[in-house]
Every structure is written in C-alpha cells, then in structure tokens.
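Labels run A, B, C, D and E following the written order; every chain starts at residue 1.
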Amino acid sequence: MVTVYHYVFLAAVLFIIGAYGMLSARNAVRVLMSIELMLNAANINLVAFSSYSGTVSGQALASFVIAVAAAEAGVGIAILLVLYRRMRSVNLREAVSMRW
Amino acid sequence: MIQELVFLVISLFVIAGAAGVVFAQRLFHAVLSLALCLLSVAAVYITLGAEFLAVIQVLVYAGGVVVLFLFAVMLTRSDLQLRREPLESFAPVSAVLFGVLVLFYIARTGFVPQGERALAPGDVASVGQVIFSPKAYALPFELVGILLLAAMVGAIYLARRDERW
Amino acid sequence: MSELVWSILKALVGVVAVILFLSLNVLFLTWMERKVIARIHVRYGPNRAGPFGLLQPIADMLKLLTKEDIVPEKADRIVFNLAPIMAFLFALLPAAAIGIGSGLIAADLPAGVLYIAAVASLSTIAVLMAAWGSNNKYSLLGGMRTAAQSLSYEIPLVLSMLGVVAIVGSLSTQDIVEAQSSAWFGIIPKWFIFYQPIAFIVFLSAVVAEMGRIPFDLPESESELVAGFHTEYSGMKFAMFMFAEYIHFVVGSALLVTLFLGGWHLPVVTPLAESLGVLKYVVQVAVFVAKMYAVIFLLMWVRGTLTRTKVNDMLGFGWKGLLPLALFNVVLTGVVLTLRGGA
Amino acid sequence: MLQYLILLPLAGAIASYFAGRQSSSAPRIVALAVSVATLGIAAAVLRAAPAQGFMKEQLSLSWIPSLDIGFTLGADALSAALVGLTALLVLVSVLASWDVEHRSGSYHAYLLCMLAGLMGVFTALDLFLFFLFWEIVLIPAFMLVNGWGGENRKYAAMKLLIYTHLGSLLMLVGFLLMYAQTHTFSMLEMRQLLGGESMEYRTLVFLLVFAGFAFKIPLVPFHSWLPDAYSQAPTPVTILLAGVLSKMGAYGLVRVALGILPAEFAVFAKAIAIMALVTVFYAAFCALAQNEVKRLLAFSSLSHMGFLVLGVASLSFIGMKGAIFQMVSHGLIIALLFFCAGMLAARGYELRISRLGGVLRSSPLLGWVIVFASMASLGLPGLSGFVAELSILLGLFREYPVLAGIAVLSLPLTAGYYLWFLQRSIYGGDAGLRRSGVTMVEFLPVAVLVALITLLGVYPAPFMELVGSIAGQLVNAVGGG
Amino acid sequence: MLAELLPEILLIGAALLLVLLQGFCGRDACAKLSGYISLAACGGALLLVSLHSGAGVERVLIPEIIKLDAFSLFFKLLFLTLSFLVILGSLDAVKRYRMGGEYYTMLLFTTFGMLIASMAVDLAVLYIAVELATISTFALAAFRKDRQGAEAGVKYFVIGALSSALVLFGISLLYGIAGSTSLTAIAEALGSSSGPVASLAVVFLIAGFGYKIAAVPFHMWAPDTYQGAPSTVTAFLAGATKKMAFLALMRIFIVALPGLVESWAMLFAVLAVLTMTVGNLVALVQSNIKRMLAYSSVAQAGYVLVAFAVLSSKADLTLAAGAALLHMFVHAIMKGGAFLAVAAAGSAIAGRDISDFAGLGRRMPVTAFTLSIFLLSLAGIPFFAGFVSKFLILMASVSAGGAYIALGVLLVINSVISLYYYAKVIRVMYFEGGEVHRAEEPVMLVAALVVSAIIVLYVGIFPESAIQLAKSSAASLFTP
C-alpha cells in the first residue's frame, strides 16, 4: 500500500536535490530551476497531506503555490536578463562587483 | 502491488528529472529534465487523486515556466558555459547532510493522516469550492491574482529595453 | 485485477482509435488543403496520383520516409532527435479528451478542457527543442517566435473557454457538448456560439495563432526564416513535424466544434438518430466530422485569402486585442450568470 | 527650581548654536550669561539644601508611567554640593574657552548640553533618568574632543566614547536587574525595597553597577581612556572632564552603589579599597614618568580620584565626609591646574615639561598660581586638598589600618612628582617668551578658585557640617561608624 | 468588513490605477503623476489606519483567515508610515535616476501585501501575502537596471525564492499535522506536544524567515542587496519588508506553536547571539556606508531576536513581544531614515564610501543633522527612539533572569561596539573634509528625513504612548 510516507519521502528527496542544486549551481538559471524543484517538493507534501487527510485546502494552497512559482520565475528571469545585459553572463560567481 | 509499482516508476521519473536539473552538463538539457520532472510531479498528483492540480501543474509549469526557462537559456546563452567545477564551498555538502537528516527524521516519525487516501479522486468541484468560497480561500485567490499582476508589471519593466523610450 | 485489465484494454483501444482517426484525417487534410488552396488560386492542385490526386498524401509519405535523414554536425543530437517525437506526442495528447460522439472519447476527464489547454501548451517545448537542437539561427529565431506566439495566445485561448465552462459548470467536454443538445423551437440550436459570440471570435483567432497558420504563420515564414524551427529537419523527422502540425489543425477545429458548435448535436437530426441504436453513433460522428470540416474549410479559406501579419502586429493583436476582449467576456459572463442566479 | 538647572542650559545650547551662525563671538556671550544664571540657581539650590536627610523629591512629573519611570528631581547636600561645583566649573570652562573662534556656536552649544546633562545626573531621583543624563553627557564630550581637541583627538574621543558607554550600559543592566525585583526606578523606593536578603543576583547587580562607575571615575583597570582623553581634549573641556565628569562616577558610587546597595558595598568594600589604592599608586607612578603637562595632570587627577574612592570604601563617617569633601576640593584644584595649563598654552608655551621652564620669570602671576595649585593638589596643610585627604586617611585608619599605612606612602610620591614638575617648569631656564600679564577673563576664575580652595582649607567646618548628616546616613546603612 | 479593509482597498485601487496609467502618458510625467497618486493613497491609508487604531480593536474579518487586531494595526501603522516616507523621498530619487512610474506601482503592491500579511491568521494567506510583497521588491531592487542593481536583484531574488521554498516546506509539514492551514487549528492540533515533525517545521520556518530577516547564518545577501539597490528602495527593504518577516514569525510562533516555545526560543537565542555579534563586528570594518548600514541592520535584527528568545521565559511576555514590536517600528523609521539620508546625499555626492561623506555637515546641513539623529538613535543613545526600544528589550531580557541576563549583557556589549561605527560617520560628516560649498538639498527627501527625525525624537523623548501602543499590540497576540 502506498502511504503518505511514501509521498513525504519523495518530497523530501526532491527538496534535497533542489537545495543541493541551489547551493552548488553557478548559473543563475539553474539556481532558479532548483528553486522550482524545492517548491514542487513542498507541493507534493501539500497534495499528499490533503489527499490523505481528506481536506481540500492543501490542494487549493498547492494551486496557489504553482501560480506564485510562475510569477516568481517570471520576475526572476527578468532580473536575470538585466544582469545578462550588464554583465554578459549569468554566472553568479562572477557577480561580485560589491565586496567589503 | 500495482499501485506501489506505479508510484515507484513515477517517483523514479521525478527524481531522475530532478537529478538532471542539477547535474546535466548542458543547461538546455537541464531545462528539459526539469520539464520531465514537473510532468512526473503532475503524474504524482494524479495518483493522489488531484487531477485538477495535475492539469494546472502541466498548464502552468510545463507550458509556461519551462518555456520561460528555455527562453532564459537561449537569451543568456548560458549553455555555452559548462559547469561541474569542483565544489568550492561546504554549503552543498551541508545541504545534503541536512537533507539526509530530514529524511531520517521522516522515516521514523508519524504524521497525523494515516492509512488510505481519504479524498474522492478527481474532485475538481470541491477544490473549486474551497478556492472560491469567501469563507475559505477566496481572499488568497484574489491575492494570487494581484501577485501575478505585480509580477507582470515588474517583469515587463525590467525586461524592457530602455532604449525604446 | 480483471477490472484493471479491462481499463487498460479500454485505454489501449481509445489510444488506437484516436491515432487512427487523426491519421486518416491528417492524410486527407494534406490533400484537401492543397486542393482547396489551389482552387482559390485558380489552379488544379494535385491530380496525378489516384482519382483527383487522392493518393497524393500516400506518395508524399513514401517519399519522406525514404529520404536521407540528416543531422547537422553541430546539433545537440539528443535534443534534435527527440524534438519531432515530442512534437508528435504532444500533438496527440489533447485529442484524448475530445469526444466525437457521446461516449466516443478516449478519456472523459473531469478537467477535460483544462487538460486540453495544458497539454496543447506542451508543444511549445517540442518546438523550442527543435529550434535549439538544430543549432541554426533560422531555427532558433523561428522557434522563439513560435514560443512567443503560442505563449501570447494561450492566455486568451484559455480565457475564452472559461465563458463556456462557466455556463456549463463542468470542465468535461462531454458535459459541454451535452449542454448544447437542445434547440429553440426545435430548429435553432442552442450552441454556445450564440451564447458566447465574443468568446467564439477570440477562440477562433487564438486557435489559428496557436496552429501557426496564416495570418499568424510567422514562425515559419519562408521568406524570412527558411522554414522556421524545422529548417534542419528532413525525411522522417520532418514528416513527424508536418504530421503534428496537421494534428493541431484537426484538434483545434474539433475543439472549436465541441465548445461552440454543439459537437455531435444537430437539431432535428440527432434527436431522430437517438432511436437508431448503434447507428446513432455513426450519425453523431458524421455530424461532428461534418462540422469539423466546415471549420477546417473556413480556416483554409482564410489561408487562401489573407496575408501574413507582422510580428509586432501579431503580438499586439494578442495582448491588446484578444486578451482584453477575453477578459471582458469572462466578466460579462460572470455578471450575467450571477444576475440569473447561477448557472 | 531644579528643572531650570537643566532647561536653562538646554535653551542656552540652542540659542548658542543659532547665535554661532550670526557671529563667532555671540555664542560665548550666550554661554557666559547662561552659565552665570545657572550658577545663581545652583547657589540657591545649595542654600536651600537640607542639612538633614537623604534626598527628597522636589519635582515629580509622570513621564513613562507604564514602566514606573517618573521625571523626578531632588537635591540633598551631596547633590547640591556637586551642582554648585558643576555650575562653577562650567563657568570657568566658558571663560577658559573665551578665545575659541572656530565654529564657536556648536562648541558652546555642546558645552551647555554637557552642563544640562551633568545637572541632571546630580539631581535625578529616578535611576532611569539618572542613566539618561549620564549617557547624554557623553555625546557633547565626544563632539568637543573630536572637534576642538589636539592632534590625536579622533582616537581619544572614540576611546572616551566607547569606554564610558560600555561602562554605562553595564550599569544599566544592573539597574534593570534591580528594577526587575522592585518594579520601580525611584531611588528612594529602591533604597527601601532592596534591603534584606530577598535580592537575587546581588553580586552580579553590584558588579555591573560598580563597573559603570569605575569606568567613569575611573579606577585602574578601567582607566585607559583617561590619559588620552584628558590630554587631547581642549583645555576647557579637560577642566570639565577632570573636574566634574569624574565626579559623576564618584557621585554614582556614593549615591547608587553605596546608597542603594549598602550591603553589597560592604561585602566588596575592601576589594574596592584595594583597587583604589592601586589606582592611587599606579597613577602617581605614571605621573612621575610623564613629560607632558596635561598628561601629568591627568594622572594626578586619577590618583586623587583613587583617594576619593578610598574614602568611600573606608565606610567610616569621617572617611565618607572626607570623600565628599574631596569631590569638591579635587574638582576645584584640578580645574585650576588645567586652567593654568590652558593659560600656559595660550601664552605660547609648549606643554612638554622638558621644554618648559622659567614660567615664573616670564609670567610671574601665572607661575605663582601654578605653584599654589600644585601645593593644593599635593595636600599642603591649609588648603582644601589637605583637609580632604587627612579625613580620608583618618577614616581609612579606623577600618583598614594596613591599607591606610600604604596609602600614606603615596603622599610623598605625590609631593615628589609635583615638586619635580615645578622645579622643571616653573623655575629653571627661560623659555624665551615675552612677559605677559593676565587678562581679566583669566584672572576672575583663577581668583575665585584660589579663594575657594583656601577658604575650604582654612575653614572647612560649614561644609563638613553640611555633608555630615548624609555621610552619617550612608555609613550607618552599612553599619559602619 | 469592507470598511475595515478600506486602507487596503485604497492602496490596491491606486496600484491598479497606476498600472493603467502607464499606458497613457509619457515616461517622466507619468512617473511624477504616479508618485503623487501613490503618496496620496498611502497618506490616506495611513490616516484611516491611525483613526482605527486604539486599544481593544479586534475584529475577525473572515474567521480563521484574516483578523484585524491591535497587532495588525500596529504593523499597518509601521508599514504605511514607512511607505509614505519612502514614496515621499522617492519623488526626488525617481526623477533623478529616471526610473519609471512602475516604481510606485511596485511599492504600492508591496505595501498592500504587507498590510494583508499583518492581518493573516492563516498560513496560506500569510504565505501569499508575504510573497506578493516580496516579489514586488525583487523587481524594485533591480529597478535602476545597472550592474550593481542587477547583482543586488539577483542575489535578493535567489535568496528570497529559497526562503519562500523553505517556508512553504515548513508550512506543508504543519498542514500535514493539523490538516488545516489556520493558525489556531494548528495550535489545537499540536497542543503542548512537540512532535519531531513539528520541530522540523520549526526549523524550516526559522531558516526560511531567517533569510528574510537576514539573521546571521542566512544574511549573506543583505549587504549586497542593500548596497546595490537604489537607496530609497533599500530604505524600504530594511525598514518595512524585513519587518514583515518578523511579523510572520511572531504570528506563526506565538499563535500556532506556543507548545514548542522551548525549542524555538532556544533557536532564536542562538540566532540572536550570532546575528548581533557578527553583524556588528563586520559592520566595524565596512567602508561603504550602505554596506555598513546593511550590517547594522543585521545586528539590529539580532536585538529583536533577543526579545523573541525571551518569549520562552516566565517573565512578562507582553513586555518582550512589545519590546520587539517597538524596536521594529523604531528601527524601521531610523534605518529607513538613514538610507533616505544616503539617498539625499546622493544628489550631491557621487560615492557611497563613508569617506565621501566628509564635510556633509556643512554641505547639506539638514541631511547630515538628520542622519546623525538616525545614527545616534541606531546606536541607542538616550533621548532618541532607538534607545527606548533597545531599553525595553534589555529590560525584558534582564528581568527574565538566568541565562537571559547574559543575552542582555551581550546585547549591551554589541551596542557599544556599534556606537563606534555610527560615531565614525558622524565624525566624518562634521569634523572632516576641507572647505566645502553648500549644496542644494532635495526637497522631498529632506521633508521625509525631517518627518522621520521628528518621529525618532518624539518617541525618544515621550515614549509613553509608543510603549503603550506596542505593549497593547503585543498583548493582542497572546489573547486567543
């Protein structure tokens, strides 16, 4: 039987992969993608709990999260484009014009 | 038995897709991998009976966000830069360690909802009820609308080239 | 266990049926398009292979299948090879949720309409894959245009569906068609084209843009971009792109019929056919296909008549024309429905 | 009446700032007028000071009722004495800065702000208020040193600021611990409530509060800001730093550490006495080694403050009286000394002792004043310093004879460095400067200070009587005699 | 219900109007008009809110979704005051850097999101409102589209998105426990038990919001972002947006997770120690004033965290929470004011190094004077507002006794360290630099500065009403 643990476990693995990618990636686009992974992990949690507890609010929240994630990606990529225009690269390790 | 198998296969796709995002050499492949992962997550939702959400996931993520990422890769010519240099910080390592800890935690603890799935499969209407009921999530729903508008205004302003003015 | 086998079997049958239906139509369409356009141009069109050139599609297929398959040297091979398959697959997916008769549907999904919109949007990915994988600037530009275009028009497309959905109160295509079954005075059909004229116009325009047909065929405007994203493709892979394109054509028209033109319902005819037993399905399919071809013919006519728009006009039309119109329609529908006390 | 001690200088400060935008000489007139007026009020306060009893509320306004903080002021003999001293020394300081032209508006504004803060410290009856005024004195001091100080002023000012700020915040933590148990900031109520065994964290509270005062006085491990600040500050400011700001610490030690936490003070009395003794000797030895007048005076001041603390720590009636006497006496003497240093500098003398010499020959009156002040400082009988130190030593003998014995040894040391200083600077060779007289602006404060030092030295009885009762009360609370 | 939401409606109405407006007029004229419209909207909302506020206000607008209580009114006051000041100051800055009118739109959207967040008693609403506010600020950070701005924006965005993912994961775990996203429902479901999953959620939430408040292990983005973003935006980020994260933390932890107070207060204590100390020590060596202020902001967040840590003690909880609230308010004004002053200085001074500010005291007397007030207030010098709030935090921690005293002493030591770098700036402004000429000071910015300075002084000298307000606002958190 597939229990809620299975889903939570899957979500956790997804979240970890996302966190790893987010911290290790140099390219900003990849960082953004890793964040999407993390958000999806949270969503899997929400939907799984919703499904197993019989409450619908989790699904509703998950659908909001999807919209929020899309908005976030949109703004994020717009900022990336600005950065690319100024720096000719989106490598975060090169974005070091400010240092103390 | 079949259920487990289905879950296993889908999970493998999810994880393979995610791993592709993080580890793929070429960024374009990573985005495609992301698409795979997100579609598989939609499949996960279907196994959970959340068909509405699955569709939304495909519509917004696969159709919108992934395309946006593809654009980003193309516009920033990111694919020309290969990565996979040696790790220079402990942050990713610690992330993984922390994650393993979390997994361990989850593996040996209980959550409140137990046992079989409780929600009727494919209950689009009930999700709609929650989202649009003023007593429930109507307010956040409208907030999401405003959020999307705000994001759009911001993104358009930023992406616009000022020379056009 | 047997239930499971049964459902799998049902799904298989559905898939095969969908593919069969689509393939036949596509083959016919390629012929029809050339013929219709030719007639508009006062030419003959294909007339050598078979009667009226009806076998021309078969000949074309054989030619494409036997052609050399070329992969550009600097291409991203995986992406390049995957793209046509994806395009083909993604084109097939929406068809699963469109019924051509009551119960004649591969998967009657509760979120059907939304599902169609969702999977239809996937084909953008395939296009971008092809564009990027070819490593060719024309491909890239064409691909980007396609993506921009389909992203822009997807929003009015979905929004225009909302009016219909709101009236019916269901996302299932079957329910939507059934909601259009009755008629005023037994003759004038209660199709949604009459309830939702604005939505119909928006949908029609948007669906044409989504298909990438004239007047919105910028992605593959030959004079500027060679052939758009599939410039580098040849042989079998090219055939798959073409196939996918025509599937879009079929599916788009079918969706239009389903949403606005009453699907398989026709006043007088279908009520009569109810008593015919199994034969009623034949009637339904016939009605549906007839309507579909009417739409298809209309679109071909448009292609033969209009010219291509400019990029900024195309985007401007989408964002400044269709989008506000669609939004207005949604609001209007909402207001009217609320005033009438719910759907 | 007490509130005017604070409000008047504040108003003066604002007036002086704006006067400074008109002309560079206007502010000093404002400052002079304000400080004279303040001195008048202070004199009235001194006259009205009750010879009997601890502080009483004279002004009580509700301010932050939700935290039981009131704007309460009051003055007993101890406060009044210090109020008077402050008013006098600020006046002296204003006169000493008569020739400040550079941004004089801000300068005098800061000076008057400092005056307001000092008055607040000495009259506050609410610990919170006390702390506020205590802190607010710092900013003008920092600004003054920073803007008008010597070459190394940046470093000195920052050090002054940081060290004393640290001390005062530690003190604040102590106050808050006391508040946590009494739920009042009123000194009078706290004095009642904190007796007995009920107090928690008693040692911690005392140490925190004591640290605040020790930074300000300063006692030896906390003193390192002092020589820099005293020597780098402009001389009029040094007069205030040494004459009055150090008394804030002493006042706090008596008023709060001893007045409110007598039992804890008794426990630590001996340790404090030893610390003070170390201060006395350390400073004296340092003074011996100095080659700069202002640094020498700084260490001398430190040494005398050590003496003052010795008197408090003796917890004897006579010692306490001596300590309070020393507050005033040391304030007057050190002010006179620094004033003289300022006069020397104004006459073009280099303030390096080795380069100095023949002051008596070139400006005899100034020379004699320096001799007089040094004598007062080293404790020449007949001058106020002698009375104070004698009482302190007497008190100390009663409680800690050994410490007293050691303390006595410092007297010749003090005499030594002063005499050596006089020998090198006042007498001896000619610095080659032309003779110059003393202006009226200089003469007046010198005369007043000299007169007061002599008066207190010759006839200390009225003052001793004035502070007698409060000293008695303080000592009785500890059970000393 | 609509009457209570009038400020929000006003704001969002103005924002939508501005969105439409962008299409109808030329860039500069549009920006100017947008500025005035948003100023009016913000001012109106501020007026409405201040008319509303008062003790004993508590209205449940939508059960378990949003609630208007003294706590939310306090934050509304904070957010609107700061938005008003920032918009006022931006009238000059937007013109100077020729930023579009969208600037104000984004500001209004952010403010709107924050106002909703202040009322949210449901995690879903809270999350989305916070996201609404944050996403708009992402765009604002990069609004000048220069290199530094873009870097600032990217870093802010990446960390912001990460933190939102962390928070969401935490929320999903809480939802898993309670089957509901309502805070009270979660509190009921958890009871006083502290299951491991709940602690896990606590960790995620603290890490997530820790990024938003720039607490120390999560602070790396703040200096870059604060330095690179336009100064007026930085004022807003440091002043208002950050407080929203605190607000969310307080709501979630006090209302939904009181049973776990032992564990989360412990975490907050650790964070507080790290945040104060690192923030102050690193601020010591900064040469760029915005970076210095950024690190000071980090340190100040540490002070607030001290108050959070005290919540686990047996002491006066309303005092601790009230102290945190007051410090947030005061910090918003003084830090916002400080960044606005930097923005004002920008009209005459090209660089942002502290040494570039030499002689500012004579060059731009009002700017320099108000900046000094803000800096002294930040340092916690008496008679400035910063002292009052810091004093309350200290009072709360000291009166809690035990190890909390050590926390208090650490706060004090940090405060002393901080005085050094604040005083350094004042010294440079007044006592360094040769002869300089008087420069013209931007009018609107100066107006904003003067208003902020007056608030700082008023709260510093007559703190009673502010303390009352903060305490009663905090009290409404503890009454179920």
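Convention: a residue touches a chain if its C-beta (ideal position, glycine included) is under 8 Å from a C-beta of that chain, and two chains touch if they have at least 3 such contacts.
As the structure is a computational prediction, the values presented were derived from the model and not from experiment.
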Query: When you check each chain against chain B and chain C, which touch both of them?
result: none
Task: Please find the path from chain A to chain C through touching chains that uses the fewest steps, and give that number.
output: 2
Message: With a step meaning a move to a chain it touches, how many steps does the shortest path from chain A to chain E take?
response: 1
Message: Quick check for you: compute each chain's CA centroid and the global CA centroid, then name the chain with the smallest gap between them.
response: E
- line: Computed over C-alpha atoms, the centroid farthest from that of chain C is that of chain D
Top-ranked pair of chains - ranking by C-beta pairs in contact: A-B
Query: Farthest chain from chain B, comparing Cα centres?
result: D
- line: Between chain B and chain E, the Cα-mean centres are separated in Å by 30
Task: State, to the nearest whole Å, the distance from the C-alpha centre of chain C to the C-alpha centre of chain D.
output: 94
Message: Counting only Cα atoms for the centres, state how far chain D is from chain E in Å.
response: 42
Message: Can you compute the centre-to-centre distance for chain A and chain B, using the mean CA position of each chain? Integer Å is fine.
response: 6
- prompt: Which parts of chain A, given as residue numbers and ranges, touch two or more other chains?
  reply: 4, 8, 15, 18, 22, 32, 43, 48-50, 53-54, 57, 60-61, 64, 68, 71-72, 75, 78-80, 82
Message: Residues of chain D that contact two or more other chains, please.
response: none
Statement: Those chain pairs meeting the touch criterion are A-B, A-E, B-C, B-E, D-E
Query: Where on chain C is chain B touching in the complex?
result: 4, 76, 78-79, 82, 109-111, 114-115, 117-122, 124-125, 128-129, 132, 140, 144, 147, 151, 154, 158, 171
Complex contacts: residues of chain D adjacent to chain E: 63-67, 131-132, 135-136, 138-139, 142-143, 146-147, 154, 157-158, 161-162, 165-166, 169-170, 172-173, 176-177, 179-180, 200-201, 204
Field: Of chain E, residues touching chain B in the complex
entry: 12, 15-16, 19, 22, 27, 62-63, 65-66, 100, 102, 105-106, 109, 112-113, 116, 122, 124-125, 128-129, 131-132, 135-136, 138-140, 142-143, 145, 153, 176-179, 189, 195-197, 200
Message: Looking at the complex, which residues from chain B come into contact with chain E?
response: 102, 105-106, 109-113, 134-137, 139-140, 143-144, 146-147, 149-151, 153-155, 157-158, 162, 165
Task: Would you mind writing out the residues of chain E in touch with chain D in their complex?
output: 376, 381-383, 387, 391, 394-395, 398-399, 401, 405, 408-409, 412-413, 415-416, 419-420, 423-424, 427, 430-431, 463-464, 467-468, 471
